[in-house]
Every structure is written in C-alpha cells, then in structure tokens.
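Each of the next two complexes has chain A plus one other chain: chain B in the first, chain C in the second.
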Partner chain A sequence: MADFLQLLISGLATGAIYALAAIGFTLLWQTSQTINFAQGEFVMLPAFFALVAMTWLGLPFAVAVVIAIVCSMLVLGLMFKVVVVQPLIKQGVLPLVISTIALSVLLKEGVKDVYSAEAQPFPTLFPDVTLSVAGVAVSLAQVGVLVVAFGTIVALQWFLGATRIGRQMQATAQNPTVARILGVPVERMILYTFLINAVLAAMASILISPIYLAKFSNGESLGLAAFVAAIVGGFNQVRGAIVGGLLIGVVDNLAAAYVSTSYRQAVPLILLVAIILFRPQGLLGRREERAV
Partner chain B sequence: MISPRLAWLLVALGALMLVLAPIDLTGIGIPYPGLKRYGTYIMTLWLVTAIAAMGVNLIVGYAGLETLAQAAFVGIGAYVTALMVKAGWPFGLAFLASGVAAFAVGIMLGFPALRVRKHYLAFVTLAFSVLAWLVFRNEQWLTGGVMGIGDISRPTLFGHTLRRHVDFYWFVLAITAVLTFALWWIIRSPWGRAFTALRENPIRAESLGVDVRLYTLLAFAIGSAYGGLAGSLYAPLVEFIDPNPFALGPSLLFMLMVVVGGAGRFAGPFVGAAVAVLLPEWLRFAEGFYLLIYAVLVMTMMAFCPTGIMGLAERLLPARRRPTAAATAPLLGEAKP
Partner chain C sequence: MTAVLEVRDIAKSFGGVHAVQGVSFDVHEGEILGIIGPNGSGKSTLFNCILGQLAPTRGEVRIDGRNVSGKRPSELNRLGISRTFQLLQVFPQLTVRENLILAGQEHKGSRLGRLFGARDAGLGAAADRMIDFFRLGHLAHENAGGLSYGQQKLLDAAMAFMAGPRLVLLDEPAGGVNLTMLASLKERLQAINRETRATFVVIEHNMEFVMALCSRIIVLAEGRIIAEGEPAAVRRDPKVIEAYLGH
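Presenting the complex of A and B:
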C-alpha cells in the first residue's frame, strides 16, 4: 500500500506536468485549430534557454528561469504565431500539421547541433529531501512539482474564468465570428493563447527537466504524453486536459510498476485507443457539432 | 500540360535512364561511368522509399485521410520477410505475405477508427505506430529486440542470385514499375474515382451511392499494404533490420515526404522520396545541418505552396491544363467531377 501511494504521488507529479503541456495543446486547438505536433519540443526547448543563460552567460538559476520563460514567450509564442501559424491558417489543417512536424524536427536538430546531443543535468527548484509521512516516503521535489503545477493551473483557470481578457479568450475559442461581432479583438486573443501556451510549456520544461534530464530528443515522449492526455480528457476542454494529464501520469507510473517496464508506454496508448472507440469526445469533452 | 504522347515518351525515357543508371557507358562512347556500389544502393533505397510513399499518397493525397504509421507498416513487412526468409521460405512467398499482413493490419486498424469518425484515424495510427515499435523492440524472441535481425539473404530469381547490388537494383526497379502501374490502374478505375470523390466531398459521394466506409477502409489498407511491400524489399536491401527505422519519427517523415513531393500528384511520392533520400547524399557538406535546412524548406513550402514540388512545377510550367490518362499526369488527383 505504501508503495502504491508512493507511485501515485510521483505519478501525479509527472501527470501534472503533462497536464500543463496538454492544456496548452487544447487551448491552441480551440482558438486557432492548430494541432501542434511540436508541443513536445516546446516543452523540451525552454530548459535549454535556461541552460544557455547559466552556462554561456554565467547567470544564476533563478534569473535563468525567468529568461527561459521570456524567451519561450518570444520564440514559442510570438514567433510561432507570426512566422509559422499565421501564413498557414488559410491553407487548412493538413499543411499546418505538416509544418509543425517540420518545426519539431527543426527544434530537435537545432538543439542537438547548437547545444549538445548529450543529456544535460538540470538544477531542481526544490531540495531533494525525502520525508516519511505515516510510512510513505514522499519526495519533497515531487510535492514541489505538484504544488507549482497546480498553482499554475489554478491561476490559469482563474484568469480564463474571472478576468475580462480571459472571458474574451473563451468567447474567441467558442465562436470567433460571434466574438468578433461582439467587439472582442479576436486576433489579439489568439496571440494571448499562443503566449499562454508558451508559458505553460516553459513551466513544464523547468519542472520536468530535473527529473528526466534535458535532452534534445525528450520532446518525442513528452509530446506523445500531452497529445494522449488531451484526447483522453477531451480535446475541447481545459478541464479534460488536466484530468487526462494526471490520469496518464498515474497510469504510466503504475503500469511501469505492475505491468511491465518495457511496455509502460503502451498502456496510455491503449487507453487512448479505447477512449477513441468508446467515448470519442474524451472523458470530460462535449460532442463537437463542427463538421470536420 | 504536356501532351499524352510526349508524356509517355518522357516516362519511357525516364525508365530507360533508371535501367541504365548503374551501367558504365564509356564503352559505347557515352562519357558516363555508371553508379558505384554505394550509389546503386542509394538508388535502390530511393525506390523502396518511393513505394512506401506511394501508399501514403494513396491514403493522404487521393483518399484525403491521414496516416502517421507508414514506417510501422514498412516494419511489419520487413520483419515478416526477414523471419520467413530466415526460416527458409522463398522470397516470393515472403513478399506476398508481407503485403497481406500489412493489408490485414490496416483493415483492423482502420475499421474501429472509422466506426467513430474519419478524423480519429490519424490519432489511432499515431498510437499504433508507437505500439508497433514497442513490439519490435521488446519481443526479443521474435524480432531480436534492439540487436535486430542480421544476415538477411537476398532473393534468387530463376536460380540466379541477386546478391550483387546491381542485380538487386534491377529487381527492385522491376517491382517498383509493376506496383506503380498497379496504383495507376487503381486510381483510374472506378475505385480510384471513388477515393477521389471521398476526398473532395464525402457527403456528396455517399449520396451518389459510394460506400464511404468501405472505400475509405480499402484506400487505407491498400496504402498500408504498399508500406508492407516496401518493407519486404527493405529487409534484403539493407540485410539487417532493427526497430529504429520503424519508429514514429520516420512515419512522420513519410508524411512530410509525400506532402513535399505533392500529395495527390501521381509523381509526388517519387519526387518526395528523392528529396528525402537522394538530396542528403548530395548535400553531404551540410552534414548535421541538412535536417535543419530540410525543415525550414518544408515550412516555407507549406506557407507558399502547400501543393508540394509537383504543384509548384505545374504552376511554373505553361498552363495548358488538360488532365490526361498518361502515367505522369499529375492532375489526375485533382480531376473534379
């Protein structure tokens, strides 16, 4: 039982990180019909911004984290929107998908060629202390990850639900035409979505890199996890992405312990296929009436 | 476009050049030394890649679906062939079995996905792609795991071994020709017209009596079978297979290749495969940066010419548009009802 609780907590910790990436993924889909196949690389890259700031510029870790977040807002938010998505939005979904696949190759190879092909150790935000609570060993780092990730999610939910800009963003996601008629600056709201996605990716990157090390190829598994989490939870719901992310994190961890380590990756995928077959709108999703 | 007679002439000329590519022609007064061993190998790899890409083109370009699992189907073909040849079965049988296996898996994969909604096929293929790779990697007793399977012998034809690179190249060239012709025939047949109708307007197609589910499934399964057949040729070409070339990444690259070449254009897969396989060899000086250049080119192309290189060529060539039945007719996929 103690083992199970330990696995559950560490699963929730990684799951919360997946949820961050998955939320960004669904937000992009909702507001601009962008299926971002580079989302995993978006989570991989900010850690390297921080590493560059620390090793090349010799800055302290805290400053490097801020730089990483700002750089990813500029590169993965603004530049991604203006240079990659904007020219393609009229061409339809498929060219945009192809373009983001190419972007994922670009980011992966770019990091490999410019920085390093080796896995890089990454400093952790939290002290690596293990507490023992009622016989269950709890790592403080994992609790820290959970707290930061949930803090981010709560802040985002508050922003989307309680602020004027947040509600305008929701209106844009639900029906851009009506939103425009009602005077919502749709273009700016879409840009905000991209910036929020970049911040979420940067947070996820800084939280996950101490666990998995920072490596150029990390995006493959991270992107897959975010993708699966988004679909399992419900493609059109932020809540769904949160549930999906946590579920995938926990299922992945339990599968590694109780099913088989070599097939741990398979379990979330089988879950994905089952969801598509029996509940295609996702666990929390609404049925979409949009003709595809 | 060009007239049908000229198109046939160009195809014949192209075929002749491909047949003669590895031969030293200096003996008959033409200053062409012929391809070396490695060059012939790369050309064979190009043909094999093009076969798999033709399958993707049928699925993506003609039927308007998405597949992110072609490398997995190539893997299925490669492993089936490797295991059967190792067990002493003749190559011809292994080749057919590879195609049938990929076709069957394609049906099994497409059926449940299409039961729900067309769009979800892409997600299911993505999951399948990773699952297949896990099986290739983990089932050591069957696939050799990460160590792979080595010493896959090349086939013999009428008692004549195809061990030499040149012989195997001609063998693959002949098979490519047959498969190309088969696909051309499929696309021209009522089946193919139905595929195109599905892409252009599924609701109208259904109202005209096209069984949408059946044809979508068939397009997907035939395209996947082309992947399996390509894999069957890949195994004896490289003579060693491991799980890496059949992972998710290569599957995505197949998708890129077809769109870069020109999805829905008959010659698109050949052009796309050339860009993916031959171009890196000429750009050796760029080394690791080749993929960077490639990625930027793809993104630029998607922004300005999402119809790919063939679409660009059509735009640049003098526009005497006339859809012809010639093998090279790149407009075929576009023919509107």
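Presenting the complex of A and C:
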C-alpha cells in the first residue's frame, strides 16, 4: 500500500507536468486551430535557456529561471505565432502541422549542435529532502512539483474563468466571427494563448528537467505524453487536459512498477487507442465544440 | 421624420450573378421595417452589404446621415448597429448572462481593468434587465449551448439589444422557432421597440410573422424592390403574389 501511494504521488507529480504541456497544446488548438507537434521541444528548450544563462552568462539559478520564462514567451510564444503560425494557418491545418514537425526537428538538432548532445544536470527549485508521512516516503521535490504545477493550473483557470480577458478568450475560441463583430480584439486574444502556452511550457521544463536531466531529445517523450494527455482528456477542454495529464503520469508510473518497465511507454498508447475506439471525444471532451 | 438608415443604390455582383441590383430605401426612427422576398431574391446579400460583411459593388449606406460604407462590422457595432444571425451565433459554453455581458461591448476600457476589474464589467445589471425582459430568468446561469433552439433565438435577440443600439438588423429571427416561442418573440420585439424607440430592420421568410411585426414592408425579387408599403397593401399586391407563387 505504501509503495502504491508513493507511486501514485510521484505519478501525479509527473502527470501535473504533462498536464501543463497538454493544457498549452489544447489552448493553441482552441483559439487558433494550431496542432503543435513541436510541443515536446517547447518543453525541452526553456531548460536550455536557463542553462545558457547560468553557464555562459554566470547568472544565478533564480534569475536564469526568469530569463528562461521571458525567452520562452518571446521565442515560443511571439515568434512562433508571427513567423510560423500566422503565415501558414491560411493554408489550412495540415501545412501547419507539418511545419511544426519540421520545427521540432530544428529545435532538437539546434540544441544538440549549439549546446550539447549530452544530458545536462539541472538544478531543482526544491531542497532534496524526503519526508515520511504515515510510513509513506514522500520527496519534497515531488510535493513541490505538484504544488507549483497545480498553482499554475489554478492561476490559469482563474484567468480564463474569472477575468474579462479570460471570457473574451473563451468567446474567441467558441465563435471568433461573432467575437470579432462584438469588438473583441480576437488577434490579441490569440496572441495571449501563444504567450500562455510558452509560459506553461517553460514551467513544465523547469519542473521536469531536474528529474529527467535536460537533454535535446527530451521533447520526443514529452510531446507524446502531452499529445496523448490532450486526446485522452478531451481535446477541446482545458480540464480534460489536466485529467489526461494526471492520468498518463499515474498510469505510466504504475505500469512501470506493476506491469513491466519495458512496456511502460506502451501503456499510455494503449490508453490512447482505447479512448479513440470507445470515447473519441475524450474523457471530458464534447463533440465538435471549442472552449478554453 | 429623420432617416436612421439610408440605403442608396446598393448593388452586389458575384462574377456574373447580380444578387442585388440597385436597391434604395430609408428606415425612420422607431420604425420596424420588414424585408421579404423569395429564396435567392438577394435579402441576405443586401443585409451583409449594409452590415459591412460584404463590400457592395456600388452604392452607399448612411447612418444618421453619415456615410458608413466600407466600415467593418466591428466598427458598425461600435456605432450602435447590432444584428442577429440567421444561423445561431451564441457562445455555447458561456452562460446566458455572460453572453449578454460580452454583447454589451465589455471590451471597452483599459487592459488592466479587463484583468482585475469587475467580472461583469459594470454590465451585470443591464444583462439582468435583458434576461428579465426576454423572460430567460430561469436560464440565466445555464450554458447557452444547452438551451433549446427557440431559447437561443431569444438570447440572440437579447444580445442584439445589450449595447443600447440605434439600429438592429434581425436576420430571420423566426427561422426554426416553434409557434409558442414565435408569439413570445414577436411580442417582446414589439415591446422593446416601444420602450427604446430603437429602429429595426427584419429579414424574414415567415410572412405571418413579418406582417404582424412590421409597420412597413419591402419586397425584393431578383435583387430589386418590387413592392413597398404597409403589410396589408403588400399582401394584396399582384406583383408580390406572382413573385411568391412563381411565374
């Protein structure tokens, strides 16, 4: 039982990080029909922004984290929208999908060439302490990841659900034509989602890199996890992406312990196949509707 | 009487198809003008030209004497021209009340205000009044997507009045609405017209609805006005009967 609880907590911690990436993935789809197959690389890259700030510029970790978030907003938010999405979305969804696949290769190989092909140790935000709660060993880092990830999700939900800008972003996702007629600045709302996605990716990157180390190829598994989480939860719901992310994290962890480590990566894919077969709109998704 | 809307010689062609061919009319303050015509007579094209959603091939649209040709729909919205849609256009996953607040031009104001200001943007009371007026009180906090078609039509109409419009263009408000709801919609539209003196232009297929709602009617056929006048006179006009019953 104690083992199970430990696995559950560490699974939730990883799952919360997947959820951050999956939420961003969903948001981009909702407001701009962008399916970002470079999402995994978007989570890989910010750790390297931080590493560059620390090792090349000699800045402290806390400053490096801020720089990583700001650089992500500029490069993965603003530049991604203006240089890649804006010109290509007019050609339809498929050319954009293929371009994001190309972008993922570019980012991955770019990091390998410019920084390093080796996995890099990455500092953690939390002290390396293990607590024992009722016989269950819980690492403070895992609790910290859960708290920060959930804090981010709660802040995002507040922003989308309780502010006027959030409501206008929802209106943009649900009916851009009418939103535009009513005077909602639709283009700016779409830009906000790209910036939010970049911040979520940066948060995920800073939380997951101490666990997996920062490596150019990290995006492959992270991107897949985010994609599967978004589909499993329901592609058109932010809360679906949260549930999907947590579920993938937990299932992945439990499968490694109780099924087989060699099949652990297959288990989320089996889940994906099952969901597509039996509940194609996802666990919480709705058919043919969009919302943020 | 002052003309709120003046349409001057509007024409619109799509390639070789002349959908609207030189249509002119005025709409006066507080009037409810109906535009009817058989399918393909150019009603929707004319509407879209007035609303800035299509650029007319020629002609001019004036609001309160001011030329607004070429303005975008959002600019016209700011000038006090609202519209409803033939195919429903509510925000399905926002509540009825939130739909109304959005329609009340809540985007006005500073960015900081939109982030930290009151969630209802000071439009909550107006939204509640509109909810009461259109008798949607029991549905105020339901998602619009969950409402029946007729209820959504009522919401759509209510949204058009949220910004205190000068002119409201209603595109087939009766389409697909059941008879009970239709009576309620007509009665509410007449009531709000009396109360606010807002001017309406209504495009509609449902003859009975238009005849009962409007004070004056224009009949379009093949992109031209073939008849104009009071409902009873239009109904008897042989040209109208011919256009509707076929050649």
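The definition used in the following text is that the second predicted complex is superposed on the first by the 288 of 292 C-alpha atoms of A that agree within 3 Å, B and C clash if a C-alpha of one lies under 4 Å from a C-alpha of the other, contacts with A are read in each partner's own complex, and residues count from 1 in each chain.
The criterion applied here is as follows: a contact is a pair of C-beta atoms (placed from the backbone, for glycine too) under 8 Å apart; a residue touches a chain by one contact, two chains touch by 3 or more.
Quick caveat, the model's predicted, so the values are computed rather than measured.
Of the two partner chains placed by the overlay, only chain C lies in contact with A:167; chain B stays clear of it. By the touch criterion defined above, A:185 lies against chain C but remains apart from chain B after alignment on the C-alpha atoms of chain A. In the overlay built on the shared chain, the residue A:134 is in contact with neither chain B nor chain C.
In the superposition on chain A, A:272 contacts chain B only, with no contact to chain C.
By the document's definition of touching, of the two partners only chain C reaches A:177; chain B does not.
A simple residue count on chain A separates chain B from chain C, and the partner touching more is B. Once the two complexes are laid over each other on the shared chain, residue contacts for A:88 go to chain B alone; chain C is not touched. Of the two partner chains placed by superposition, A:62 touches none, neither chain B nor chain C.
Chain A residues in contact with chain B (one complex) as well as with chain C (other complex) do not exist. Across the complex, chain C is touched by residues 162-165, 167-168, 170-171, 174-175, 177-185, 289, 291 of chain A. Taken together, the chain C residues at the contact with chain A in this complex read 73-74, 77-78, 83, 85, 89-94, 98, 101-103, 105-108, 111, 113-117, 119, 121, 145. The touching residues of chain B, when paired with chain A in their complex, are 60, 66, 112-113, 115-120, 123-124, 126-128, 130-131, 134, 137-138, 248-249, 252, 255-256, 259, 288-289, 291-292, 294-296, 298-299, 302-304, 306. Those residues of chain A lying in contact with chain B across their complex are 37, 84, 87-88, 91-92, 94-99, 101-106, 109-110, 112-113, 220, 224, 227-228, 231, 262-263, 265-266, 269-270, 272-273, 276-277, 280, 292.
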